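In what comes next, chain A is part of two complexes: it sits with chain B in the first one and with chain C in the second one.
So, the complex of A and B:
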């Protein structure tokens, strides 16, 4: 399904199917959109992210059970990223959970809304929990870039620009009630606005007066460069949370959550593989390309692209635990690569204060 | 509604930029700062060496011989206090020789202090001791409060002093702040990388702060009384505002929301708007986090006018005097109003941090100043803003309205249980666990990401707050939480963090335990509660030993009366590091050999306007019928001060007895003043938990009104006063209780009494 903003996008926009969503991959060129995101401010059509509301007297308890991080006291001015796991510890999705007055609002990763909704509905017992798909009446617009804070100031309110990370404010834009959050996916200053679909086009157009649009390709490249997990690329069948490198998106100190036993078992068992970044080989290796160290097969490529920031191949390899370290010389499909420590590109925002 | 005008009639100050107000002002206007390298070799371990130090001679030359042996905190405070009282014309201690002088019982002192400071022998003294010394030396027997909202305490004290005049409890209040330069604090700030290696340069280089020391006081009194006794009003304290960032232990909310909220509340309190403000005395520490945040406060509050409202930092002259800072800056603000001159920010470089604002660089500026806003921002996310104006003439005014307040939620965290159900069960079954630390196992009270960084005191206080909140059945939306007040009461703050920090300094001053340091300030726990529960209303911290909780309740009632909050959470917490003794439990009021047992506890209660409670169909435990506090004169006086309920006398008294010899006097006073009432205490249940014991007494009084139970004095066979029949010896009360009295005590300082009535 196309995003609600599709009618706003230029005719030559390149779309792609990601899960259940048809999303704008590129509006112009990847390189140009990437540079906007890394150097100025990009506006993002995040309409491919599903929005699911959890309410009811037992809603928070339910969310606490299905989310891998601690959301028991997630107040309506905070949001946090969390994994959603199945009983075997496999990643179902990676969500942004917004605390709300009457429960929580979950934002799925790109194209994963339907799968997430089905997963949640299947786990509602007889409790007083209502799961509502809000994707039909709300959509998400993102701002990302070292000067995205300036756009926030011009667009809504300068006070919101310096909100602490993962803070949420219910505010108004042009008399429309929106949920505004300081988020960030690429290491740059990042914000998200959850807006009623009937007002989305107007907000998108106004945003374009202060920033340039960037598509999913540029966004995901910039995410990879700072090792922000992208589940649809990194979650491979059978891989544990630890192998994926998403430990920080679970909290095993919680009493219980769906998938906890499997995660704890994997923690305690040790071993397995780990994910590490690499660069170096000419061309972009195909997924599954074998990775070798000193002639020994140690794993495979799970995701690789051409990084505009590095002007080189950048990929993630899932390899034997003791070789998942930075600075090693390995081969990918027989070609030499060097493993990296993240971030692979230092975001400009880290040296630019909000004023 | 126009409230009674409150004016400043006396100023006192001693700091690095002057030994009295005249010298201080001369140097401020001449741009002559007082920041110098510390010569004490002990400080040679630090790279940063500049500070705002007060020469010993400046202090001792102004003190009578008998005060020169006192600790430095007291000496600094006495110098500034005497100056303020002297300028106001209230010098004499003997009302008989000065008929114009108010009754000593109506002269109060409210002192702001950030640090726990050493006595003359170098040992920590109770937080309130300096206020006791000044009150004793100057004959101030009225309201006495020690406020410790870290670096906002001095300004906070001035605001609370105005409250005490508006409630009619005092005819004059000496309000101010004091803090000396302490090695440990210096090491803590050095550890946070917050010190500038040279003289600080607020609002331009912003490369760190300099610590300073000093004391400052303002004598506040109602305009009508000041004029009647021929005093000269120097300025009006038109209003003040408090707020909580609910963001971080040490860093300010980067949006400036918390600071802006304090300013807006202060202007509303004063009946003014931002358009009325001519000059802003900034907090201006010189740290990047503060200076950046403050620029945002200016833009948020003043909008397009921000660049046309001069703001400067006199910390560039005196350093950061912590608990004194707000008072030092309030004194400068009064002088700025008097002289029509804005003091500059000195050391200002050409490249300001915010080019759109006017920081009065390097040279004082003569200008029209009718209204000054003076701001302070503190660790724990506490913000205060004062609005001072040029004095106006006498005018009609309204009294502070009387608004009924009720207690709607109880949250005890004690050795006998957590939550009111467990404690009620313990009371009913006669369980006693004095000295046993509370257990917080079995449920969570805060997000784990916050909880794991909290010390034990904060965890207890958060748990108590959460339990009280849940017990009250309050479900407030985010916007309403922005207006919920929080008053924290503690005698000594976190023993764990203070001990851990001191140990780290003793081992290596350059490797302080910075997490502990951020929790050494007494208001840290109140800040943690605000952060966890998301409360951003007015907030303060009271440190008057065992009397802290009832004074905190007073503050909550004042917030409700003034319309500054409809709901206020009062939380009291203290802890001991001593293990629970194996000996017999203490027997309050008994001629027993068992000694008082120190304990750890946190007790919270929700105070709500009766109107708000009724509006949400809440169920109250009790109405707060009256409160009273007296200083240094025993329990009888405080009982006499208490308003009498028209419905009849109290049938139950939860006393402050802990099992010590002071119990006899209290019991005798209660039996004399409240004949027929049954007396008991909480110390047998939990031990002496200082501020939390006072709150526990309030909680047990409220519980008794609803459940008709009270803790039995198990083991009481030979009372120090009266007969056994005057005491609670069985949990089930023999006759219905409709009115219950709770007592609090900081021995040798302040006693409190609170009368609760069944709803």
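So, the complex of A and C:
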């Protein structure tokens, strides 16, 4: 299904099917949109992210059980990113959980809303829990870039730009109630606005007066460069949270959550594979391309693209734990690569203060 | 490089990263197993969610434990444990050619 903003996008926008959503991959060129995101401010159509509301007397308890991080005291002015796991510890999705007065609002990763909704509905027992798909009446517009804070000031309120990370404010834009959050997926200053779909086009057009649109390709490239997990690329069949390297999206000290036993078991067992970044080989290797060290097979490529920031191939390889380290010369498909230290590109926002 | 040499090089980095993780957990009184922290995860904002006060504490801890002063370093140093490892042990930056 196309995003609600699809009618606003130029006719020559390149779309792609990601899970249950048809999303804008590029509006102009990947390189141009990437440079906008890394150097100025990009506006993002995040309509491919599903929005699911959890309410009811047992809603927070339910959320606490199905989310891998601790959301018991997630107040309505905070949000946090968390994995959602199944009972075997496999990643179902990576969500942004917004605390709400009447429960929580979960924002799925791109194209994963239907899958997340089905997962949640299947785990509601006899509790007083209501799961509501809000994707039909709300959508998400993002702002990302080293000067995104300036756009927030011109668009809504300069004070919102300097909110602490993962803060949430219920505010108004042009007399429309929106949920505004300081978030960020790329290491740059990032914000999200959850807006009623009937007002989304107007907010999008106004945002474009101050920022340039960037598509999913530029966003995902910038996410990869700072090792922000992208579930649709990195979650491969059978891979554990630890192999993916998404430990930080799981609170292993939490009493209990769906999938915890499997995660703890994998952690305590040790061994297995780990994910490490690499660059170097000419061209972009296909997924599954074998990775070798000193002529021996040690793993495979799970995701690779051409990084505009590095002007080189950038990929993730899943390799044996003893060789999952930066600074090694390996081969991918027989071609030499070097493993990397994260972040692979240093975000400009790290050296630019919000004024 | 032979496989043994590659493994030794990886182990050297992993050992420094492990030492840094233990230092972070100890100095900041974090209630997690140091090994739960990955070499590549972000440390500030996202990831380990450290703040500017934690940075000051880590400056002191790194100098005490590794003899390296990082005062006035740019924030990229704290981009990940592995990046921090390269600051406290610059030899790790060299590639295993």
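Simple rule for what comes next: the second predicted complex is superposed on the first by the 355 of 355 C-alpha atoms of A that agree within 3 Å, B and C clash if a C-alpha of one lies under 4 Å from a C-alpha of the other, contacts with A are read in each partner's own complex, and residues count from 1 in each chain.
Rule of thumb we're sticking to: contacts are C-beta pairs under 8 Å (C-beta built on N, C-alpha and C of every residue); 3 or more make two chains touch, one makes a residue touch a chain.
Values in this document were obtained by computation on a predicted structure and should not be read as measured data.
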| item | value |
| --- | --- |
| Clash or fit (per the criteria above) of chain B with chain C on chain A | fit |
| Partner chain(s) touched by A:77 [first = chain B, second = chain C, both, neither] | first |
| First (chain B), second (chain C), both or neither touched by A:90 | neither |
| Which superposed partner A:343 touches (first chain B, second chain C, both, neither) | second |
| Per-residue contact with chain A, leading partner among chain C and chain B | C |
| Which superposed partner A:267 touches (first chain B, second chain C, both, neither) | second |
| Chain B versus chain C as contact partner of A:277, first or second or both or neither | second |
| Which superposed partner A:236 touches (first chain B, second chain C, both, neither) | neither |
| Which superposed partner A:28 touches (first chain B, second chain C, both, neither) | neither |
| Which superposed partner A:13 touches (first chain B, second chain C, both, neither) | neither |
| Which superposed partner A:171 touches (first chain B, second chain C, both, neither) | neither |
| CA minimum distance (chain B, chain C), superposed complexes, angstrom | 5 |
| Common ground on chain A, meaning residues reached by chain C in one complex and by chain B in the other | 253 |
| Residues of chain A touching chain B in the complex | 70, 72-77, 101, 158-160, 162-164, 170, 251, 253-254, 353-355 |
| Residues of chain C touching chain A in the complex | 1-3, 5-7, 9-11, 13-14, 31-33, 35-42, 45-48, 74-76, 79-80, 82-83, 86, 92-97 |
| Complex contacts: residues of chain B adjacent to chain A | 247, 253-257, 292, 295-296, 299-300, 354, 444, 446-449, 452, 477-478, 532, 534 |
| Partner chain C, residues of chain A touching it in the complex | 81, 165, 184, 187, 226-228, 245, 247-248, 252-253, 267, 274-277, 293-294, 296, 322-330, 338, 341-343, 346, 350-351 |
